[in-house]
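Every chain is named by a letter (A, B, C, D and E) in the order it is written, and numbering of its residues begins at 1.
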Amino acid sequence: MEAASLPAAKPKALRVVQDWLSKYGLIVVLLAMPVYYGIQDLSDEGDLSRLGGNIVDGLSNGSIWALVAIGYTLVYGIIELINFAHGDVFMIGSFTAAGFFGTIGLTAGMGIPGLALGLFLTLLVCMLTTGALNVMIERVAYRPLRGAPVLAPLITAVGFSFILQNVGLLWRGGSQEGIGDLINSQNTLFTITGVEITNGDLLAMGTTIPLVILMVMFITRSRLGKAMRATAQDPEAARLMGINVDTTISLTFLLGGMLAGAAGLIYALYQTTIWYAQGFTAGLIAFTAAVMGGIGNIKGAVLGGLIIGIIQQIADNRIGTEWTPAIVFAYLVLIMVFKPSGLLGEQTREAG
Amino acid sequence: MTDASPDLILDARDVSKVFGGLTAVGGVNFGIPRGGIVSLIGPNGAGKTTFFNMLTGLYKPTTGRIVFDEKAITGGRPDKIMALGIARTFQNIRLFGTMSARENVMVGEHARMRAGLFGSILRTPRVRREERHVSDKAAEELAYVGLPPNTFDQLAINLSYGDQRRVEIARALASDPKLLLLDEPTAGMNPQESDELTALMHRLRDERGLTILLIEHDMKVVMGVSEYITVLDHGEKIAEGLPEQVRNDDRVIEAYLGKGAVHE
Amino acid sequence: MSMLVLDDVQTYYGNIQALKGVSLTVEEGECVTLIGSNGAGKSTTLRSISGLSPPRKGSILFEGQEIARMPPQDIVSLGISQSPEGRRCFPRMTVAENLDMGAYLRRDGEIARDRDRVYELFPRLEERSKQKAGTMSGGEQQMLAIGRALMAKPKLLLLDEPSMGIAPILVERIYETIAEINRQGTTILLVEQNANFALGVSQRAYVLETGKVALSDESAKLRENPDVQKAYLGA
Amino acid sequence: MTAAMGNRNVKIAIFLVGLFIVAILPLFFNESSGFIDDCTLALAYIVMALGLNIIVGFAGLLDLGYVAFFAIGAYTMGWFASGFYAEADIHVFVGEFASSIPGIHVNFLIVLIIAAAFTTLAGIVIGLPTLRLRGDYIAIVTLAFGEIIHRIAINGDEVQIAEGFPLTNGRQGITPVDKIDLPFIEPFTSLNLRPWYWVALALALFVLFVNFRLRDSRLGRAWIALREDEVAAISMGIPAVKTKLLAYGTGAAFGGMSGAFLASYLNTVNADQFAFSFSIFVLAMVILGGLGSIWGVVLGAVALTFINYRLIPDVLNDVPNKVGLDFDLSELSFGIFGFLLVIMMVLRPEGLIPERRRQMELEQGIGTGDTELDLVEP
Amino acid sequence: MVNGIKLALQQADNKAGNFTIKYESLDDSTAQAGNWTPEATSQNARKACQNDKAAVYIGEFNSGATAVSLPILNECAMPQISPANTAVGLTTDEPGADKGEPDKYYPTGKRTYTRIVPIDTIQGAALATTMKEDGCTKVAMTNDKEVYGAGLSRNIQLSAEAQGLNILFNEGIDPKAPNYRSLASRAQGDGADCFVYAGITANNAVQLYKDFAAAIDGVKMYGGDGVAESGFADPAEGGIPESVGANVKLTVATLSPDDYPPQGQEFFGDFEETYNEPNPDPYAIYGYEAMNLALDAIARSEDGSKEKVLEALFATKDRESVLGTYSIDENGDTTLTDYGLYSVDGGELKFDKTIKAETGG
């Protein structure tokens, strides 16, 4: 289970430090930023509303990453593939949403019932589109390579990522595009102890939480969900149970794609800017989230997504947006050093 | 083995290993006399392989102290322990499948070789000599364990099961170990092959002065070859002694052997 | 009509031919053993029957139906289930969930009853029903693998090396149970290294050598055969 | 034995003839022809791809952050051979023009060695915490390091090593960079590409030689052993981290050398070059060519270079024009690139020239990374 | 911009004096990178050098790319006209240039590069002056870190500080970030009343302006010519919403369409006719003028050779153009210094006034 090679015997003092680090290092790493800046806020401003604001923004952004990360983690869990095209499926979700708003004529001025219905319809359309797209990608680019060298599908994944980005580029042009702000995303809904909660925050968390709960229930309770888990743990034994492994893998891609579609819609509504390369960044972040949480583990993916969301906002606010990605990745490295299997890492075949 | 035995090649004291909350090995004292053939038996999950893995450095003991040949090796790195003279085989054969039998054995000599990065790139005369020497020695070891010479340069994956076991032992021998650990060497062998292996173990000890520690389920092999037996159950030592004593020990029969288990 | 008929089955891994024309039959209600040394093709025979390694040539009839090129899930639904070599339990699922997976294709209402039956055969599994399979000992996992295969309510049960790597005391117990399962009416095709036990519970046996059937007879007679004794029983 | 020797002689003869053709190739083209340019780039990418091949192909470590070494190599060139550090005035064995402008200007050959040293060092720093991990976790952590280096490159203008000495010039890039200036021959120019081509060829031959020598050495065996079964390998006395570090450090050094060459050749060190997609570009060369297969990787590098720099921009994009359509294919270029990647991989999953061992591993299911120790004994 | 170039050529009937002109468009990006790359840029420059018939090189759009192509083109003495570069250091060593600039770009020591847009020093001063006039006190600055954005922001900051404005921060942004809410809330926490961005639209400018508008009530927002295009100003083309646009002012080195000389007026009419686009991006007119200048220089040269064209180019005096009347100085810079201040109104850029900014305050 641990790394196979162990350090040679070391002087005692060093060992004590090492033991301490291996026990508490992870906690120290995770809490370092919020605690440091919390103390700074308390001493500078006397309350924690600035940090609170960062955390709320972080949770909203993070919940989008979480939905995308689940798709990564599901796919990795079942066929051990880093599905580089997944972020771009998410992008297509955003584009579908933006296109569909226009088609059915949703505007910010409509009444709440009409808007809610319209958005719900959009959600379904997005989820179906990206779900189907993801299933198609699996059929075309990954299934023919089953049994091929493990790295071959990695390259087809990258290839598909390029293809989808090009589709996005032709669809809506090369630069970021502002779209209608249907829900007045940044309007404050209410304020708790100095922390503003906006419409966008409510939407992001309000959509993500039920989706994640549904997903976890589906996978742990339902027959098909169990088939997915069984296939992930031992595909050959799963076949002996009468599970159709190909269908189960397709189902996994369907679910992952649907969540990416939902995330795409939330992203479009929350950020109100979309562009063809958004999926690349999102994919990288979501994959990092999946690994951080322990790849193959849904709850881990959600936790990883939320943590990254919070790190990003704190870093944006205190350090500077240009450094934010570096800080996120530095966190990833530290977490891997202290807990190589990720925060909630289960034993996967690969990680050991 | 008790403290009274003066010449222990390996002495493990109060060794335990805890995974999560699960105690795999709990406070075991264990010694191997130099030049002996000793067996470790016990039901599955008793902690035998975990114990092996601690001796070879794959696992770091949670508590305890292991001394090999008067050097402390507790928690040392596997490659360093190997270099000190402990070599092993695995329960499921772990040969490098795409290498020939000879190359596999040459890997076993890795620790005895000196060619580094630059030496390998420049391929100096010294490096060439070393390669030749190591290759010849590999052939010697393969011949010693009884592999037919025409199979030396066949890929390991294409060898018969019994031959793969032999190559694995030759690979372990290539490092000139003092102590050889064999983890279920007869698993998957038919009785005839098992007998040959038993003979090989005796030869290794008699001709090369090797000390052997064996994990084995086949009672016939265990009883036939061991001078001393230790029985583990649930991570604890429940019995030890001469084969006859162990075989008739009530706890061992209850936990492991069963009533009519030993067919002879 | 025999329950299972293999006729000249040839199976390959990549370019390597593992079975060079295996023919054998299993009658309903029988327990049949395949013995042979490692690499003789015993496991491959079972994998060919269950569809994991479909044969390139030859036919496999199950109750008169050709199953040689069916996908595994269809073969399972016809009533063949396998406990694979190395047990292959789902390590991060509980014992109860593992058993449920065995009944994956079933939609009848008797799953709970069959689970009780498995618990009756292996009381150890009931004690550990909430435990993750990966944390159990090898012997317990073997029980689980057999129990899981039984949950499919098979007409034919394929068992691959049920005694491999298991303490003598458990081997005895597992073989008692296998005999019991057979008595209760399930047909069994057994692959074993440990020929002593296997010939003890089976009625007939085949000896495989390098991908072919070398010998077949009633188990009791094979036990007396001097060649078999020398090669597989350790005289 | 004699047959084998004869075979070997034939191979050497073929190699020498091929080498001669490759060496005189530029003489048949205009000295600043686009074709020579593409060839020079292809040679530089061969150096990188063969470097990565040592890491991924030989040692089996999936490195998604190889761009980090390209970056460090290129910056070494930027630091030591350009007018970037204009506060300093150091000139070591450099030509007339470089001597006339302020900054640190060190001769190309010296910088090449420094670049190899820096990247090896970086390889060790990145490798130490990373290589203890297994399989895809190595991939993600190297990816993370690659991105961190990219960010440092972008934001290095905010980081002052000393007053007036920022780490990088950020997105603005370090331009221009000194041209190669070798002893005894005319200084290189941007317009005559032949000397650049020959330098790149020399680098490529060097890395080719090292690849071949390492593959058939004690280290090569150790890498295969670690790749196929890490637990068995370390139990046979192979120090895992050290042996992997040797692969990682060597591969890194070649990335750095190629990076330094490219910085001089392209005349710039621009932070935006060092993006994740470049790591993927080089990795695609290795995988497409055939993991571990030396000639395969060479072919993969040449193929992808020409697809990216010639086929798509110059050939395919003109097709609609030629058939009389008013349609701009350049908008489709990276879709086409992706499409070609998918097609080539699906048609030849084991690579253009598969490596013998790798193919066998595939067929027999050996070394799929399943080398974990079981938590609970069977 | 390419459309502007093509239009100019079309109007001249592919002729300059006695020479027939062929225009070849070279793309400086590659499939794998999707953005301008040094490989493709230097390849293009060499292609131009190699072509004996090439007389003028129009480009690059990016100052960073020019830094790559200029030294190569300089070696073959190819006249180069950039329609868009504003980075100071390409031509002079005035404040804003790095040490060693501009000499390091000219290995032959001879100037070959000209541009028709005023350098950043002037635009920076224009923006700072505008902010001062509008009553800004605390300014939050951002830039996209590219050659253009970073250079402009440096000049804005120098000029603004000289005029007594308080610069809260000057942040380089990550153009790939999903949003800038936390950065905006930091500015709000610091009490910013004005916001300025130096960079191009394609580096996520729309999101940036939206987030600052949402975070700070009544914030006044400014930008340079990098965002003066419909893709930024027009919500129908994915630009900022009208409510945000109402608070945005931009500086561009073009005058009011009404102030243009007759040729300029004509240009707008023709452009609309040819491309069915009534409101071309400000850069379209630069592209148009770049080509016209090139044609003019070729016509004035006697034999169309590179040497003569170069001479003619640097001898440009009091040229009457769509941009106004200007000359090219010995550095290759335009003598135009007037900046137009535009506001965003209903998705369109609307000319406010001409700013005569004093460089350095």
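To be clear about the criterion, a contact is a pair of C-beta atoms (placed from the backbone, for glycine too) under 8 Å apart; a residue touches a chain by one contact, two chains touch by 3 or more.
In this text, all values refer to a predicted model and were calculated from it rather than measured experimentally.
Q: Please identify the chain with the largest separation between its CA centroid and the CA centroid of subunit C.
A: E
Q: A-D versus A-E: which has more C-beta pairs touching?
A: Result: the pair with more contacts is A-D.
Q: Where the CA atoms of subunit A average out and where those of subunit C average out, how many Å apart are those spots?
A: 43
Q: Mind checking the centre-to-centre distance between subunit C and subunit E? Centres are C-alpha means, answer in whole Å.
A: 77
Q: Please work out the Cα centroid separation of subunit B and subunit C, and write it as a whole number of Å.
A: 32
Q: Report the inter-chain centroid distance for subunit C and subunit D in whole angstrom, where each centroid is the mean of the CA atoms.
A: 52
Q: Quick check: what residues of subunit B touch more than one other chain, meaning two or more?
A: Residues 19, 22, 44-45, 58-59, 77-80, 91.
Q: Counting only residues that touch at least two other chains, what does the list for subunit A look like?
A: Only 1, 4-5, 162, 165, 320, 322, 325, 347 qualify.
Q: Mind pulling the residue numbers of subunit C that touch at least two other chains?
A: Only 134-138, 165 qualify.
Q: Which subunit B residues qualify as touching subunit C in the complex?
A: Against subunit C, subunit B makes touches at 22, 42-45, 91, 160-162, 184, 187-195, 217, 219-220, 255-258, 260-263.
Q: Which subunit E residues qualify as touching subunit A in the complex?
A: Of all residues in subunit E, those touching subunit A are 31, 34, 145, 171-174, 176-183, 185-186, 189, 201-202, 204-207, 210-211, 214-215, 231, 235, 237-241.
Q: Looking at the complex, which residues from subunit C come into contact with subunit B?
A: 37-39, 135-139, 164-173, 193, 196, 230-235
Q: Would you mind writing out the residues of subunit D in touch with subunit A in their complex?
A: On the subunit D side, the touching residues are 56, 62, 129-130, 132-137, 139-141, 143-145, 147-148, 151-152, 154-155, 230-231, 234, 239-241, 276, 280, 283-284, 287-288, 291, 331-342, 345-346, 349-351, 358, 362, 368-373, 375.
Q: Along subunit B, where are the residues that touch subunit D in the complex?
A: Contacts found on subunit B: 19-20, 22, 24, 44-50, 53, 56, 58-59, 77-80, 82-83, 87-88, 90-91, 94-99, 103, 106-108, 110-113, 115, 117, 120-123, 127, 131, 155, 157, 171-172, 175.
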